[in-house]
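Here come two complexes built around chain A, the first alongside chain B, the second alongside chain C.
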Partner chain A sequence: MLVLQVLVNGILLGGLYGIMAIGMSLIYGVLRIVNIAHGALIMLGAYITFWTFTLWGWDPFLSLPVTILLLFAVGYLVQRCILNLIVRAALYLTLLITFGIEVVMVNLARIAWTSDLRQTAPAYVAANFSVGGLTIPYVRLWVFATTVVLSVLFLLLMERTRLGRAIRATAQELRAARLTGIPVGQIFAVTFGLGAALAGAAGAMWGVLFPITPILGRALTLKSFVVAVLGGLGTMMGAIVGGLVLGLAEAFTATFIGPTYPNAISFGLLVLILIVRPTGVLGRGEGR
Partner chain B sequence: MNARRWVPLLAGLAVLVLLAAAPGIFSAFMIQFLINLFMMTILAESWNIIGGFTGYTSFGNAAFFGIGAYTTGVLVTRAGLPFAAALPAGGALAMLFGVAVGVPVLRLKGQYFAIATLGIGETMREVVYNLEVTGAGTGLVMPISRSPLSFFYLMLAILAGATLVNWWLSASRFGYGLIAIREDEDAAGAMGINAPLYKTIAFALSGTFAGLAGGVFAYWITFIDPDAVFKMSTTVQMIIMAVFGGSGTVLGPLLGAFLLSSVSEVLATQLATLAELFYGVIIVLVVLFMPKGLFDLIRRREFSFKYFARNLRENRI
Partner chain C sequence: MKRRSCWWLASMVLAVAAILAGGIAAGAAEEIVLGAAVSQTGNYAREGKFYVDAYQITIDAINRAGGVKVGGKAYKLALKLYDDQSDPNLSVRLYTRLVTSDRVNFLLGPYSSGITIPASAVAEKNEIPMVQGGGASGKIFDRGYKYIFGTLPKAEFYLQAAVEVAVKLNPPVKTAALLYSNEAFDRSVGEGTRQWLKEHKIEKVYDEEYQPATQDFTSILAVIKSKNPDLILMAGHEQGCLNFIRQAQAADVNPKMWVFTVGPPTADFRKTLGKAAEHVYGITPWLEEMEIGGEIFRSAGEFGKQFHERFGYEADYHVASGAADVLIYKFAIEKANSLDPKKVRDAIASLDVETMYGRVKFEPTGQIAMGQVLIQVQDGKVVPIYVGGKFVAKPVYPMPKWSQRK
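Entry: the complex of A and B
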């Protein structure tokens, strides 16, 4: 029974990891940038939701569209005003600049909101129900359902719309895309915005499940990367599967090894996967 | 070897002698500042070996620093070893770690290497959190040393060693091999350079100096915990100091560490957050406007708006 409970917990959390990683994977797939500021965007989403809930009493799930829009705007501007200027530079420079952006965002958050632990705690946060001996908190289920909806919407956007086609074309062959009249600078900005929006949505829900601080994103950047690499960087479906795998791995470690071990396990897993199969467990193509 | 090559070495020696005389002149506060400055310079130079000369952007060099600090700390407090024996052990373990981790990880290219090292840094912190012998999350308290000046001279000695190694890399067969690997690894291999061996040695060297600095830091600061020595911001500082000054050069990291440490020290007296914020802003500006570093700017003697504008144009979409 315990095993089953852990399994359910893992899957429910895995959905959240999944949408974090979709954002990471999308940005890498199109821009070839490993976005170290991803976790900072997650943090920003978490705080926006926390404040709209605390100050105005907005429900964290119903305010998701607002958070998503705001984060899209932030991401769009970051790419448009900063990253587009550097996108063709050597890899360590693009890594470094996202690192710099992360440091700026985290420390601004520290100054604005202090380092206190906070949590978005609507009235129903502790409510749960039981099915056949399993205890499932409602919020976890809603978070999972929301991540499924967001993933589906995102996949539809990528597969079925003109915008999605333009993004995919830009990812495949930048020059050809430009020749066919796609405004690639614009597409880059929109892509980063979409990645940021997914990160923000993940953060909004993270803040309902766990306490938040300005540095919560550091570990989540790495976890997003673990998941994205698990599924193969640049692939969207892989990120979802990877999210579930990480969620399960963490849930089982926390229960059967010790509550302080999940981070060690997931970062260790990252290093291991990179060494053994850098193109991802599900991925293929270029690697070392 | 002609005489010209000895000029920088002699100049370095002169600076060293001057610095060694510093405790006689400066206040105790200044000495503490200098110890910190030396440490940051050692770290910038240690990163420069792997990130600057070899072109492998390590985002986990804080792991070496932490390993050095914890090895020294554990050996002194748990095994009762004298500091003089524990410090070299810290450096040696950091070196071994560099070899052990370097062999598999240095096979990775570009972003995969960067993220793998980032993961290693974070993994080490989590591991130390979970170990009994390291005092887990509570950390280690070291005995207080009676002579603070010994830290000054120790750091200075390690700094001299690190600078010497950087200088040697800039003018030796081995160093040229590393630069060749940075410029084009396949071509370097075709020229007969044993790239895996070269890279591993560079990584281990980088680790040794960071480890030694960590060991001295532990004894100097007398209290270490996982968050303090496995800090991602330590890695960020190393990188930005090296890049700001000019990575892959001898003087660049020295220059970068000196300038940035001084400013951040002043800011940190106001608010620690401010100092970190400053690093973040500097990183963004440096990457945008002078990715080749101050050293390149000085060498070209092109102190005009055009230089920055050209850098900005170069990598735009």
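Entry: the complex of A and C
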């Protein structure tokens, strides 16, 4: 019974981890940028949802499209204006600039909204239902359902549309993509925008489950990175798989070994994967 | 650039700097500077703000009332503040800077025992008093240090009243779950609480530590729920306790009583949780309604009112404790009639004065001797339930289940 409850908890949260990581994986795959500011984008999504809920009463799930569009715009502009300078540049440059962006975003958030704890708490935030001895909070279920929907939409975008094909082409072989006429600069911006949009959606949902502060993103950047690497940096499905793996690992560790161990296990898994299968669970060994 | 012009430029810059420094030093001769590194960002930013605001309002009030009198001269108090970003290592570096580079007169404390423990070592090493109101763990005071003083009552005793009350209720509490954060204060509370549970013969069905930055308590709650304890005791800081309660509601965990070490007396906590904060128990050494007072702030109520007017939120015991720290310096410096750190230190140690925080008198270890009030949140208000071994109000017990609440 406890096992089943833990399993459910792990899967529900794992889906959210997956969505957080897809953006990071995508950005790395196409732009070869390890986005240290990923957590800050998540944080921004959480705040946008919080304010639209608090000021205008917009339901956090219904305001998702708005959050997604806003974050897409932010990501697009950040890429066009700043990150364009360092696409495919040396790794340390990308780390440095995205780190700088993170610091600026977090501190702007702190000045604008203070470090007060916020939470998007619609009336149904604690509602739950029981089935077969398991207690499942509605919000966690809806968050999971949303992550499934977003993942499916994202995969459809990647596999079935011209834009998706262009993005994948750019990720696979930049020169060939240029040669076939793909506007690579534009693709980079759109990709970062997409990654930011997904991070924003993750943040919106995070803010319903957990308190929001300007620094909420810092630990999440790390988690997204672990998830993305677990699943295979650069693969999209991999992020989902990685998220579920991490969610389950954390839940089981916290319950059966002890609440202080989940981080140790998460990073232990990361080290293990890097040793055993560095391309991640779903990554292909393409030697890139 | 030619070598010669470089040297010439450098010496000009140095000369100007020396003149400026001398000017600044001369201008500061009439001030007593209190230095502090407080968490303005990071994990403890919420609580850190309470102290920053408390220090400021008290310093301003003392200055308005004529400042601090030493040797017939009136000095103004000034505050030199840094942000330790909730990082103990940074705190040590900042306090070292305050002492060696900024050369402040005395030190005020940071927030949280975990940061106060290393920070106080800097004070001790440099033989400058530090009066802090944010660290309650006995571990701060059992190192035989002479220069550290604290205005929060001992952490190990925080939950004693709650456990005492639990066995006096009807039906009495038989089983308890103990959860505490892996941080100095919370571990101290955990240690003490284990003892109280044993003394009162309450069966401990869960006893676990969690990482301070934990956001997700669902796994912990799943296990606690499966053990179905009558009482849940949680030692954590505000954010952790808040998360726990929210998620306990979502997971439908229904103890008969639950107590949290930080949060319930604080307005922000109750506001964020809304109805979910009902029936939660907490502990505080100070309430605005208490009939206590002293110099500068004639009563707790007057202090609370002034604070609320200036900063827009209600003062809680963190604020009062921080304010008391500044008041302590005024009284001690005037008692010693000197700015010599050793003399002031001795004056603090022998202080026995009534303030708007209560009676300030330190144990030989340096920690204040002060009782706590067990409170319960009823209708969004903080209601004292148990003080000095006696009930002063009836608690709502057992807590109605989530499904039965309106």
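Keep in mind that, in the parts below, the second predicted complex is superposed on the first by the 263 of 288 C-alpha atoms of A that agree within 3 Å, B and C clash if a C-alpha of one lies under 4 Å from a C-alpha of the other, contacts with A are read in each partner's own complex, and residues count from 1 in each chain.
The rule is simple: a residue touches a chain if its C-beta (ideal position, glycine included) is under 8 Å from a C-beta of that chain, and two chains touch if they have at least 3 such contacts.
Note that this is a predicted model, so its numbers are computed, not measured.
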{"item": "Which partner reaches more residues of chain A (counting touched residues only), chain B or chain C", "value": "B"}
{"item": "Partner chain(s) touched by A:271 [first = chain B, second = chain C, both, neither]", "value": "first"}
{"item": "Touched partner set for A:186, first chain B, second chain C, both or neither", "value": "neither"}
{"item": "First, second, both or neither for A:108, with chain B first and chain C second", "value": "first"}
{"item": "Touched partner set for A:96, first chain B, second chain C, both or neither", "value": "first"}
{"item": "Touched partner set for A:219, first chain B, second chain C, both or neither", "value": "both"}
{"item": "Touched partner set for A:34, first chain B, second chain C, both or neither", "value": "first"}
{"item": "Partner chain(s) touched by A:258 [first = chain B, second = chain C, both, neither]", "value": "both"}
{"item": "Those residues of chain A which chain B touches in one complex and chain C touches in the other", "value": "110, 219, 258, 260, 263"}
{"item": "Touch list for chain C against partner chain A, complex", "value": "40-42, 45-46, 49, 182, 208-211, 213-216, 218-220, 222-223, 225-226, 238-239, 242-243, 246, 249-252, 268, 272, 274, 276, 402"}
{"item": "Chain A partner contacts - residues on chain B that touch it in the complex", "value": "51, 55, 57, 59, 104-105, 107-112, 114-116, 118-120, 122-123, 126-127, 129-130, 232-233, 236, 239-240, 243, 273-274, 276-277, 279-284, 287-288, 291, 312, 314-317"}
{"item": "Chain B partner contacts - residues on chain A that touch it in the complex", "value": "28, 34, 82, 84-93, 95-97, 99-108, 110-111, 184-185, 188, 218-219, 222, 225-226, 229, 258, 260-261, 263-264, 267-268, 270-271, 274-275, 278, 287-288"}
{"item": "List of chain A residues in touch with chain C within their complex", "value": "1-2, 5-6, 9, 13, 110, 115-119, 121, 125-128, 130, 135, 137, 139-140, 209-211, 213-215, 219, 250-252, 254-255, 258-260, 262-263"}
